[in-house]
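First chain written, first letter: the chains are A, B, C, D and E, and each begins at residue 1.
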Amino acid sequence: MQHVYANNYMIVCIFLALGLLLPIVALTIGKVLRPHAPTAGKQTTYESGIEPFHDARVQFNVRYYIFALLFVIFDVETVFLYPWAVAFDQLGLFALIEMLIFVVILLIGLLYAWKKKVLKWI
Amino acid sequence: MNEVSLSAYLILALILFCIGLYGALTKRNTVIVLISIELMLNAANLNFVAFSKYGVTPNITGQVFSLFTITIAAAEAAVGLAILISLYRNRKTINIDEIDSMKR
Amino acid sequence: MINHLLESTPSLTNFAIFFGLATAFLFVVLGFVTYAILAERKVMGFMQGRYGPNQVGGRWGLLQTVADVLKLLLKEDTIPKLADRPLFIIAPVIAFAPAFMVLATIPFTDKLQFADIGVGLLYYIAISGLTTIGIVAGSWASNNKYALLGGMRAAAQMISYEVPLVMSVLGVVLLTGSLNLNDIVRAQDDVWFIFLQPIAFIVFLIASVAELNRTPFDLPEAESELVAGFHVEYSGFRWAFFMLAEYVYFFAMAALTTVLFLGGWHPVAFLGFIPGAVWFAIKFSCIVFLLIWFRITFPRLRADQLMEFGWKVLLPVALANIFLTALIKVLWF
Amino acid sequence: MDMDTLLSYQWSAMMPEFIILGVATLISLLDLFVGKRIKHSWLGYLAAAGVIGSFVSLCLLRKGLPVTILYDTFRLDSFAVTFKFLLLIGAFFTLLIAIHERSDEIKHRGEFYYLFLTALLGAMMMASSGDLITLFVGLELLSISSYILAGIKKSSLRSNEAALKYVITGGIASAIALFGLSYIYGITGSTNLLTISEVLGENQSYEFIAVLAFLLVLVGLTFKIASAPFHMWAPDVYEGSPTSVTAFLSIVSKTAGFVLILRVFLSVFANVPMLQKSVTFLYGMQDYLFIVAGVTIVIGNVVALRQKNMKRLFAYSSIAHAGYVLVAFAVLSPFMMDAIWFYLLAYLFMTVGAFTVIHIIQQQQGNDGITSFAGLYKTSPYLAIVMSGFLLSLAGIPGTAGFIGKFNIFLGALATSPTHYVIVSLMIIATVISYYYYFGIFTQMFFRSAEQERTYRVPRVLLFSTFLCLGATIILGIFPNVAYQFFFNEVHQFKDFFN
Amino acid sequence: MSTFLLSLIIFSPLIGMLLLFFIPKNREVLIKAVGVSSTIFTCLLMVLLYIQSSGGNSYDSFSQKATWFRFGDPELYGKYFSVSYEVGINGFSFLMIALTAFLCLLASIASFKIKHNWKGYFLLFLTLQIGMMGVFAAENLVLFFIFFEVTLIPMFFLIGRWGLFEKEKASYYFLIYNGIGSAILLVVFVLLFAKTGTANIDQLQGILQSTDAFSNKEKLTLLIALLIAFGIKLPIFPLHTWVLKVHTQAPVPIVMVHAGVLLKIGAFGLIRFGMGFFPDQFAHMSFLIALLGVINLLFGAFLALKQDDLRLVLAYSSLSHMGIILMGLGAGNESGIQGAVFQVISHGLIAAFLFFLIGVLYERTGTTTLSKLGGLAKNMPIASGFLLAGGLASLGLPGMSGFISEFMAFMGLFQHAPYLAGIATLGMILTAVYVLKAVLSITFGNEVKSVEGKDLNRLEWAPALLFIFLIIGIGVYPSLLTNMIQPVLDTMVWG
């Protein structure tokens, strides 16, 4: 059984290796085949034909970050939901109530964000 | 692939922890500092999980603990970033050395 | 045979064999992508009352995509001067590798599966999240306003829909009691989860479309406003890898939907004599067709509609579904 | 875990926590849905009422201890009860200050109050935890809530900086503590405090790791009490945060930190023998505790001499006081519990009172430099006299609670072993040094004159709370038996701490 | 009645404080009247106590004891520390309390010159009085320490708020020096308390002498610590700087009390604890103590000679006179100790008297600089007469109280260490020189500065006369005091 476990993860590693290898190999082959004639014009940043002005790394609307924070919270919530769901048969009704409390608290958080107009995009 | 021994995990965790600590204490960019803190927390997680599997008395508690830690770490990171954003709005920097409006 | 291999001691030979198999599979996937693109164009053409590709490779345009790929391979590769070069180069790889990795755990039939790991579903979800990093990295490295905008949108969209996606699957997990994809398929022996979990299925489908950045949720690459979104500066094969990643995800997501909701390789009622692989292919194709159909039918959403829909509708619905399922399970089973 | 076992638990033991949680939820919902229509200070009074309710329910729970529920992760023993009293009283007074924070600075009043309550909840969980997990979760609940509280003045740069520094140091500290906890779990295979103690007692083959874990946890936990290796956040955070939050940090959060230290170290390490030496583990580690305490005392008092900002000064002063309490712990005397408890009680009243006065003056003068107190005796004799009471107590002058607290610590230290005279002398000398800066405030209040004449309006609630605090400070100083009697008789003793 | 009388005396200023509390702060006359009446009330109670003690013979009935609070729990730890409220007096402490009450009365009269904030001033002044009387009456280490510290805080405010130009600096000097002193004292007390489990002074004395709870070395260390602690208060030579600041900067009534009583707490403590707790070690160190006394004497005298400010002259003279106390104590025999105790009382009176006069002088002339004063006898003959009398008392003219104490102290020291005593006589000569130099230059020297105002008024000469009366009274009829302190001395010298 131990071997099955190890082998399975070896496969995963192989997939990772292949996933990395394919682009590398393909791009290397491409390098051999494709022409290489850079000009200044080709290397400018594309900006619908006009000359690019100031740095592209502009400041973003804070909403993006707030959504990221929301995501972190709710994604982590699933850290608890998954084990609970898997073990739900053994846990029973009480675990359901417990999880309900937990989720309700998080829902209040969502509600909070909603009410505070955080969920409104732009 | 032989069974990886406990000490390997512990050493890895210790290394991660030290890297995190070093980063947290020396780096000037606040985001990197926050990431370093995450690294430290995750080193502890690694310890918990390793002990939970290969420890003196293997049991599930360590994994449960690490679940809690993950959540807490996420909350901490979220709060930290939120504070950083609000600071950035006022101060326009995330460089920890420049955050010194209160002189000693 | 594969079981035997799995039980043997891990060794270099094993590694070689697995590697060979995986490579073979990689080519299958590449083949699928090739023909999926063709199929998409064909179906689009059909629905829009035109022919679609019909020059290269005969009347069906069978070699059209191959020709496209070859063209891309030969195309000059330009990297903008202001770009962050190392990040620019590595971004497509980051985007592609997880897309292929997730395929490792999908059970196509009860025998044809690469890695049967206990937390297959979690693995899929965890790994698939990584692609976002590739996209954001690519957009950041381009140092281009359209690209950055597209990348940020992509990130926002993908993380927003990741939550309902993950939540909707929980209904299935609740019914199965396992994260193993094999177990999930086996649990659908009698009745597919699409019937037990219709809400979850709908949420999952919508969220998966958003995750795939496909119309009607293709804001990150909205041609009419952002030119091409995050990959505007990419050309040649680097661009191809973004596209490839997208289509491999398409493949993976369709396969996952099949596994989770359509009973995987299980046959319909009495048609058990047809092999599982065929059943899987049929269901899989249906999903693929459905997604292509979406693309042609629906107009693109506005960004605000998109985000608000995800957080205000899908997430509560998914959560409600979880508790409905749990409640039903406690009360009736 | 089926329904019956769960229903058989005595859930009422968690009543105080439930009340706090319920009120916090209620406030958040009220704030969301009717927030615009009600006066925001009502939310504050609601929160205060919740604290009082929790206090009352805690009073009702005093009998029939200890109660342990949820597989010993939550235990309500007399230790928890007595220290929760401190937490609740402290939270109550800080809430009163919070209600009077200027509304143009703190816009999110609803959040402000329920974060207060959740932080309090975390502290209370820590007091009652019998398990490393609940302990850590409580700790982080407190920490994370207070990070936000420190930064609640969103548009104030200083508040932002305070919060950021707090997050970073707090994060590092809790990571270090957690790393230590992971080793404790590793060598014992349990997260239950008492089980850990048992296992450690039986199996001493991992003593090196135990020592490492002890030190890591110690270093991590010093963050909460703002003592030596992790004290540097305190001045900046105290200065930058709103005064009510500063008061909260220096009272509730610090008390919670000591609760945690006592909980972890006493229940885990107190009964564990040490291999090389024929003493218990905690005695073996005593030197480290002394170093931490001594360095804390010296840093707190010496650096405070140079401070020109009231809140900064109080930050250093609170560091110094943490050092004093650590001395009480480090000497490992049998009087430890009551000495710490009494000192924290005294510290609570005097600090909260002092912060209330600072708050009033800062609010109406817009300046929290030490010179803002100049001529206070002229402009507002009441405030000046009340403040003097608190300062005298902080300096440990007889007749005030601070003296009795310190005296108890000295007595405990020297009664345990005369060799403790080193740390005691250090502490006493440091106390004399502290006269210098405490009396510097007196100089401002009584000897100097104000730059401009102004009158201070003291809100009625704060008048009441300062009066109460002053009364308590003096009564505890003259009749300390009031508290000691309560401690020894009313709550029946700490015998239940170790089983 | 008699059980509570002592406590009543100690806390009697509280009544005045309570009254003051309700008087509006701009009612100057009323406030002063209440302040003075309060001190008179205390004095009356002292007289009552003297009568009740059957003329100063038995003080046992005044002892009072009540349990106060307790550290630790006997059931729980098996060990606890109980602190009681214990007050009691013997002849010596009775004299000290009487001196305190008397000086406070006169100082409160002198306080009429205070210019502002009378209410706060009297509140603090009365607090100070409680502290001083409590120190002498305390039978318990903790109580002693509490009263000791209670004197500290009012002094800080009184100096810092009502003092002269450098008042803040002076108040800080006072605070920090005395803070350190009390800190050392606290360490010693807590050590004793923690080790023996009792804080009662008599019991401790018994325990320390009968058991070997402390080794000789520890006892010696403790004694040295006590010497430093009380040496700061007394003050002993290298620790004296703060006294100069206080004497020059503090308001006059406060200096009166300070020179008269507060400095004596050091001597009192040294006798009570140093000699009482560690008699053997004290005897062991007697030469050192006597030497310190001689150094104090000479140092103070020499520097007093050089000063141009009357306040500083008197400050150094106080220092020098404290040396005599140390010499007496260092001699360790009956006459030495008697001299020391005598000196405590007599210097209390003389120093207070002289500072009282300085206050008058300063009010009239606006200066205390010797070179700016002179020819006072012409304009203010009565004041000059008092000044001269005070000066003579200070230098130890026979027939005045100073003579008795100095004579006895020297006699004791001659028996104990004749050479040292020989050197010390030099100090006596110097004392005569500087006192006469200062006093004569003021009274008969060239008139430098014109004096505004008249000679002494009723409120000034009456107290002065009272001072003179007492000083001469003791000088002529010393057994008035010796009878009272004899029992104390017996226990101290013969064990």
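One rule holds for everything that comes next: a contact is a pair of C-beta atoms (placed from the backbone, for glycine too) under 8 Å apart; a residue touches a chain by one contact, two chains touch by 3 or more.
Keep in mind that what you see is a predicted model, and the values were worked out from it rather than measured.
Enquirer: Enumerate, in label order, the chains that touch chain C and chain D alike.
Expert: The shared contacts of chain C and chain D, listed by label, come to A.
Enquirer: Where each step is a move between two chains that touch, what is the least number of such steps from chain B to chain E?
Expert: Minimum number of steps from chain B to chain E: 2.
Enquirer: Please identify each chain that touches chain B as well as chain C.
Expert: A
Enquirer: When you average C-alpha coordinates per chain, which one falls nearest the overall C-alpha average? Tell me, please.
Expert: D
Enquirer: What's the chain with its C-alpha centre farthest out from chain B?
Expert: E
Enquirer: Using each chain's Cα centroid, which is most distant from the centroid of chain C?
Expert: The most remote chain is E.
Enquirer: When A-D is set beside B-D, which has more C-beta pairs in contact?
Expert: B-D
Enquirer: Could you give the separation in Å between the centres of chain B and chain D, each centre being the mean of its C-alpha atoms?
Expert: One centre to the other, that is 26 Å.
Enquirer: Between chain D and chain E, tell me the centre distance in angstrom, where each centre is the average of that chain's C-alpha atoms.
Expert: 43
Enquirer: Counting in whole Å, what is the centre-to-centre distance of chain A and chain C, each centre being its mean C-alpha position?
Expert: Those two chain centres are 14 Å apart.
Enquirer: From the mean C-alpha coordinate of chain A to that of chain B, what's the distance rounded to whole Å?
Expert: 20
Enquirer: For chain A, which residues are shared contacts with two or more other chains?
Expert: 6, 10, 68, 75, 92-93
Enquirer: Using the touch definition from the top, which residues of chain B touch two or more other chains?
Expert: Residues 1, 75, 82 of chain B touch two or more partner chains.
Enquirer: What are all the chain pairs that meet the touch criterion?
Expert: All touching pairs, sorted by chain label, are A-B, A-C, A-D, B-D, D-E.
Enquirer: In the complex formed with chain D, which residues of chain B make contact?
Expert: Contact set of chain B toward chain D: 10, 13, 17, 20-21, 24-25, 30, 33-34, 37, 40-41, 43-45, 47-48, 50-51, 55-59, 61-62, 64-65, 68-69, 72, 75-76, 79-80, 82-84, 86-87, 90-91, 96, 99-102, 104.
Enquirer: Please output the residues of chain D touching chain E within their complex, sorted ascending.
Expert: My answer: residues 334-335, 338-339, 377, 392, 397-399, 403-404, 407-408, 410-415, 418, 421, 424-425, 428-429, 431-432, 435-436, 439, 442-443, 446-447, 479-481, 484, 488, 493-494.
Enquirer: State the interface residues of chain B toward chain A in the complex, per the touch definition above.
Expert: Result: residues 1, 3, 67, 70-71, 74-75, 77-78, 81-82, 85, 89 of chain B touch chain A.
Enquirer: Provide the residue numbers of chain A that touch chain B in the complex, in ascending order.
Expert: 2, 6, 10, 62, 65-66, 68-69, 72-73, 75-76, 79-80, 83
Enquirer: Along chain A, where are the residues that touch chain C in the complex?
Expert: Touching chain C from chain A are residues 3-4, 6-12, 14-20, 22-24, 26-27, 29-31, 33-38, 40, 42-48, 52, 55-58, 60, 64, 67-68, 70-71, 74-75, 78, 81-82, 85-89, 92-93, 96, 99-100, 103, 107, 110, 113-114, 119-122.
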